[in-house]
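Structures for review follow.
Each of the next two complexes has subunit A plus one other chain: subunit B in the first, subunit C in the second.
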Partner chain A sequence: MDRRSFLKLSGVAASASVVGACSRTSQNVISFVEAPNDGANPVDGDWFATTCRECNAGCGVIVRTVNGRAKKIEGNAIHPISRGKACARSQAAVQTVYHPERLTTPMLKGAGGFESIGWDKAVDVISQRFTEAEGKLFYLNNGANDASSGIVNEIFGKMDGFLNVGNSEPGFESLVAGGAALADSPRLPFPDLDHAQFAILFGADIFESGPSPVFWGGSFGECRRGRASVRGRLVYAGSRLSSTAAVCDLWLPVPPGKLGLLALSVAQVVVDIIISRKLALTIPRNALGRWSEVLKDYDPEKVAAQLEMPAEYIHKLAIPFVDESPSVAIAGADVTGHVNGVAALDAVEFLNMLSYEIGREKLRIHERLTPEPNEGLKRRITQALGVDHEAQGYKRMVELVDGMEQGKYSMGIISHTNPVFDTPAGLKFKDAMSKVGFTVAVANFMDETAAEATLVLPDHHWLEGWSVQNPNFVPGVPVLNLQQPVIRPFVDTRSGSDIILAAAAAAKLKTPAASTEEFVQGKVKQFRAEMLGAPAYLGDEEFFRHLLRNGGWWSSEIENEPTPTPPDSVLWEYRDKLKAPEPEFDGAENPFYLHPFQTVHMGRGQGANNGWLQEAPDPITTLMWQFWVEMNPATAAKLGVVEGDMVKISSAHGSITAPVFPYKGIRPDVVAVPIGYGHTNYGKLATGRGENVMTLLGAKQDTDSGAHAWRAQKVKVEKAQGRMKMLRNAHPEGEYKGEVFQL
Partner chain B sequence: MASIPSADRCVYCHDYIKADAPEIVKVMDHYNGDKPIEWVKVFDLPDHVWFNHKRHIAKDVPCQKCHGPVETMDVVSRTNEFSMGFCLACHQENEAPTDCWTCHT
Partner chain C sequence: MRTLKESIKVKSFNYKKHNDYSWSMIIDLDRCNGCGACVIGCQAENNVATVGEEEVGKKRNMHWLRIERYIEGEYPHVKVRFLPMMCQHCAQAPCESVCPVYATYHNPEGLNVQVYNRCIGTRFCGNNCPYSVRYFNWFDSSFPEPVNNQLNPDVSVRERGVMEKCSLCMQRIRRGKDTAKDEGREVQDGDIQPACAQTCPTGAITFGNINDHESKVYKMAHSGRAISLFEEKGTHPAVKYLKGGTNDVIG
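Moving on, here comes the complex of A and B:
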């Protein structure tokens, strides 16, 4: 495809004006001087492959452009992660390109606030700061392993004092650490839901948060409808009936922080069944006896009271786990959100190992189809692109905050992440950030973090710029996503990484490439020899174009064996990991557990300025444009509140008020609040809409991984003044309960 | 809604045809100076109306029915007020759907 140079004009932009000829307000339409060279079809347009960057899952997408405008985003059918699907956030991304609040000029903070400066001045200022910083700087992004982080890492990575940090999805590092001893290397769990007949989701809200919502959505479809004669069955255990739980067959409202205990209890019954039915393939019989001994304290009869459910329910999970093999166990937010998250993940991965044991014996295991795994190549690509697993997550964020407090950094670059808004109050990110002399925010919109920065650089939208991305998912499988400009930049933005390159060159630092595009091409060239299935007859340039057409590179799909059971001696060491430590809570004296949760629309708050996403009804409550707190009707009755009444939720860190949404799908001792609302500086759609639940959270961490235990918080809830009309689309219990019922 | 062609489209022909006419000279100035033309949008519908040309063309609705006799106009102007009544009258006359969500989706 043709190179997109800078914007000649802003396309068919419309601006309001009054036309004299007729009395009505009409519009001026600005057309291109030269039509964008992106295909010949002015009506149906052309589709270009690129990579969605709305979150870090790395979905391959295709974008329909007509006359240089992005009209529609869909999943790329040949991409191994998105498999032809795209989520609401991706589909709504076309809105953010044409958003009236997009930043259009670099801005430097002076005595009187931000002032517009030209791009040349911006480069000068940054380059001078680069020279003065002498490597004492940090780079913070949302955990993306991409061209921007790769470029920064190549320029500064070897300098003393440089820190690369990923403000990743909450719980990311626990997912990597959990069950690691059963895999060959630390990696995200990857059970084969596609082919499972029975699945237990341990608080795994896989369709609304976690490493790859679209991928798991596809897996769910396969599990339910992909086979002619089997309908996969799913059970969800966790304290709230999330939108993932809502599509499962059974919900078990387990007390917060107890999912690890449940997993061990299920494992105890499963091991006993394996012994009595002689099902194991590789674990010797005498060894199984030892495992039974290890797990005996988790007998359902002994733990049922703690789990607040009859022991027979635990058997109801364990028996089909064996009988309906292949079965899988998947852990998610309700596990990683507690201080004992990794311990619980270890238990869940042990269950998966048992499942593979049973499945192999009965030849029931279907290997998952994925591109051919290649841990070595995956690692090398990860290293080449900066922020690796170790750099991601809350533990590194704590290190960064400590460093900022101690004055270790004279400069920081914060790219496409909003930690002032989305990190817990207990981390005190904003205070620490103010101690850094010079901070650069690379962003598309003004937000809470950009407002605190010294210099704001308006970046291209991801539909307008170059990048290359190595998604964390699928574990062990090298996928090199390409992001190309499918449209010309709409406003006068520059690629953030281009500006960093230009400033570094001006500061006489060694740079990996002259532009981001060149860097991306360079990476493709660097790894080309290792890319299985790459057509050898193509020159480098043609090969690059060939990959652009596909959306990137991944090898052809093969049957991916589940991780083999480790030899008995190794496995036996794992017994120390099988424990269920008591959860701990910040504000333990308070009566209610706080359950912050991500919604598919708001994510961590980045979706809040998008009208389409605000307008899309929440899948559970069907609320739109609105913030709420969910509580059990029994709890609401006790507090003397009904739907729409305001309540005040408070912890030692702060307090928020929210209208009540009574919901039967939540334990009476839990109150659930969506994340992503309550912006204070994110444009007119987001600012002041609701309140920010992160302001209630302390800084408790997972005892093993150091991940933020974002559900380890207890709160007080009391009735407050006022009411609010709840703008919901339907009744969450279905149409029969709703006011509107059509025959 | 139909999109507005880029200025280079005009130049393909008007480089040769009536290149000296004053209005064409203006277009050429824009093209040569790399300045976008601010077209005045004569026919416009509010954002809450969903309109698609394809269906109307498929039903052989003549262009003039809505746009007036554009072929006779030197400078295009609006001969019909694009109000809801205007749309509905024609829909009723031709037995096209008149449900609200036909146009307001």
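Moving on, here comes the complex of A and C:
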């Protein structure tokens, strides 16, 4: 017998002996002599449904585990927000759960810095502080409406002096407040991009800054190529060509703070078209005449100079807005970032109302104008989990900082948010925080805020702990997301909310449950009767497990028909809201507008300690591991700088230096800087990488909502010493032009 | 002696007609928004190493899938385009013919496969690839404790001196076929999804069997929008792109 046939035979024998034991072919031993398996040897794994907590979008995900380790995160196909997809940040979470820098033990700050204490002592210390605080405490989280916030609210909510605050994404309050008069309750606007044929994005960086890049990605795909005969068209107006703008068919570089004016001007033309074409709407014809009168100041001819574009462009936006119905208008960061954000949002929502009137039969959902399905179930879920829309955002942060300055709080709990890093310099959060006697940071990693806290509690990663979450942004249906432990805790962490419950019980406070898991079960039980479509024959325990398998509960159908537009008398009141106030800027004497922006990878800075996210190229610049400032090539030439040269950007609040990335897709009077860089205490990968643009920002607020106007800052830019090699992920042989590929 | 043209015909005949499967991927450039979810999805699925800032500076990053970005026009008429680029799995692969040890070969299902334990690291294949989608391990890949807990057990970790590249998620193809066999049926369209196609939020990436004329990829490949990259090089890629539409609002 030669060697080859011997190996063949032994291979066959090996397979045969294993086949008897295993019923699944994928577990068979495969002979080396056969085809080399092409390098793959698939094993089975267990998949668990849970909720991604990297941001507050509330995407349902499924996680593959093998031998008790999380391997891969994917979207949950039946979930209404993620629709089976997941973003880069969500998938990179398997790197944070097995991150070497995770906190492993509770630490109390003593004279010589942090000292490890046991979990029992941590509970003792907190419970003693709970007793002393007598309700004079605050709870600050990242705006998540979850079990932790719900538990804290049920323990302390009724006490005098307690404040529950969400440090939510910039512009959140404006999005909620804008156009509220056209809706029946405050919530995030939800234009139906899926079914639109034409969309105008008013500075809406929907793929970068949320509320759910995954959801919007799916909507965009449907809008663009989801229908056989229709290719959805999109137009982006805003001062920088973001990756959202890149997929649009046209980019209009409108001056900062003028998007509301553009929206009103488009509305003016749309109303005129409706009148001249005698379109049948529910708005009475004579009323339309009145609206035309209200909007006459925004005639394209009158505002074109301010918008720095030919008047005909505005007509060319308005005509398809009517012709290619259904059409939608979406507002985002470039609108909410200015002091006139709510006014602009009101104008955008007015456009949406007109669009809805024109194409009412064709739009499936248009949440602004529909009553809440299930009669406010969503609102009641929100309230049951603590942080309501009103309890979130910058206005509440200002209230909190004022309270801290005045010594109103003897204790604070800061959970999974990093306000020392991600709030503007003008808020002075760090100074105020130092005036609070005892602060607890619940976190996975040491960061700038945890470093300032008195006690640091290492929390479970979201793959390891229980929670229930209510997404801020829901496509027309109420959602109750469940988060379950898909793996055992990898290091010696405890659930932050479990520790709070234990400490509260020790302090003889009334607690809603003995553990977070019990609290989650309780919430499911509380809302079970209202969960339409839920199987009634299951006992509570089985029902809970049924929901865990799905990843939560959501209404599968939109229950209600869209309501008609408000009656003319109500609508007419809205005319006072249609105005375009001039934007105001901090440091108005400076020559450049500062345009801080979120990237798809860094979030508000959480992604910076993740190797995968740092090495993933930025969509626009393709830079890796690097911080940069974008400016128009003309501006760079004027300053005498080329790619990689350092420039100093300064305002009254601070200054940063950054290497230049010349980019043609930005207005010459704007410089754009990504947020999330410049950590000073966030592990090896993040610390010292770039600088923090938040240190340049003042405390200007939206005049109506109080949201932080994070783009209302003007800055000086000057050439600085030094050069940096820019690490672009271009084709190694140089950048081809798109024409090479005949795109 | 056969002419080159004839030999191409023979080869295409073998792969396309005489096998059940001929895997293909279609990428709709009109849907791609450059978000990079596919890049991370690929990295998580295939144990792709990170190399750090210094090595990235030497263009040694290992992303099997990268998103190329093209900026066209002058301000204010600027257009940015994205193009996800991975191994094109060419039927006439320039990389295969130069490998002295047959580490890269064409499998019967139309995939260009890299056998890591045959590879001796000549890097001829990488030099010969017009798409620059082959990545060389200059160092032993670093998955120190506890990061290694995340590694996908289906895919081997490559060592120093070995060339690697996109496999169209070979392990998922195998699992898909195994499952279908267990259930006594053919693999159906949509059963198998590489990590990038699975995660793409906008639905730009579609994967399937182009021999099945009912499959989505077959229909898309014949939709009239389909192009191959560097068609003039005659590589006959299994990955095809659908051209972006240009529907200017302001002409």
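Going forward, the second predicted complex is superposed on the first by the 667 of 743 C-alpha atoms of A that agree within 3 Å, B and C clash if a C-alpha of one lies under 4 Å from a C-alpha of the other, contacts with A are read in each partner's own complex, and residues count from 1 in each chain.
Assume a contact is a pair of C-beta atoms (placed from the backbone, for glycine too) under 8 Å apart; a residue touches a chain by one contact, two chains touch by 3 or more.
All values derive from a computational prediction rather than experimental measurement.
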Contacts of A:R285 with subunit B and subunit C, given as first, second, both or neither: neither
First, second, both or neither for A:N729, with subunit B first and subunit C second: second
Which of subunit B and subunit C A:K71 touches, first, second, both or neither: second
Partner touching more residues of subunit A, whether subunit B or subunit C: C
On subunit A, the residue positions that both subunit B and subunit C contact, one per complex: 24, 26, 35, 42, 66-67
Subunit A partner contacts - residues on subunit C that touch it in the complex: 28-37, 39-41, 43-45, 50-53, 56-57, 59, 61, 63, 66-76, 78-83, 107, 111, 113-116, 132, 144-156, 167, 170-175, 178-179, 181-182, 195, 198-204, 227, 229-230, 241, 243-250
Interfacial residue positions of subunit B with respect to subunit A in the complex: 3-9, 30-31, 34-42, 44, 77-78
Interfacial residue positions of subunit A with respect to subunit B in the complex: 8-10, 12, 14, 19, 21-22, 24, 26-35, 42, 66-67
Subunit A - residues contacting subunit C, complex: 24-26, 35-43, 66-67, 69-75, 84-88, 91-92, 94-95, 97-100, 207, 213-214, 217-218, 220-222, 224-226, 231, 233, 235, 241, 243-247, 249-253, 313, 316-317, 320, 490, 600-601, 611-617, 619-620, 622, 624-626, 632-634, 663-665, 668, 725, 727, 729-733, 735-739, 741-743
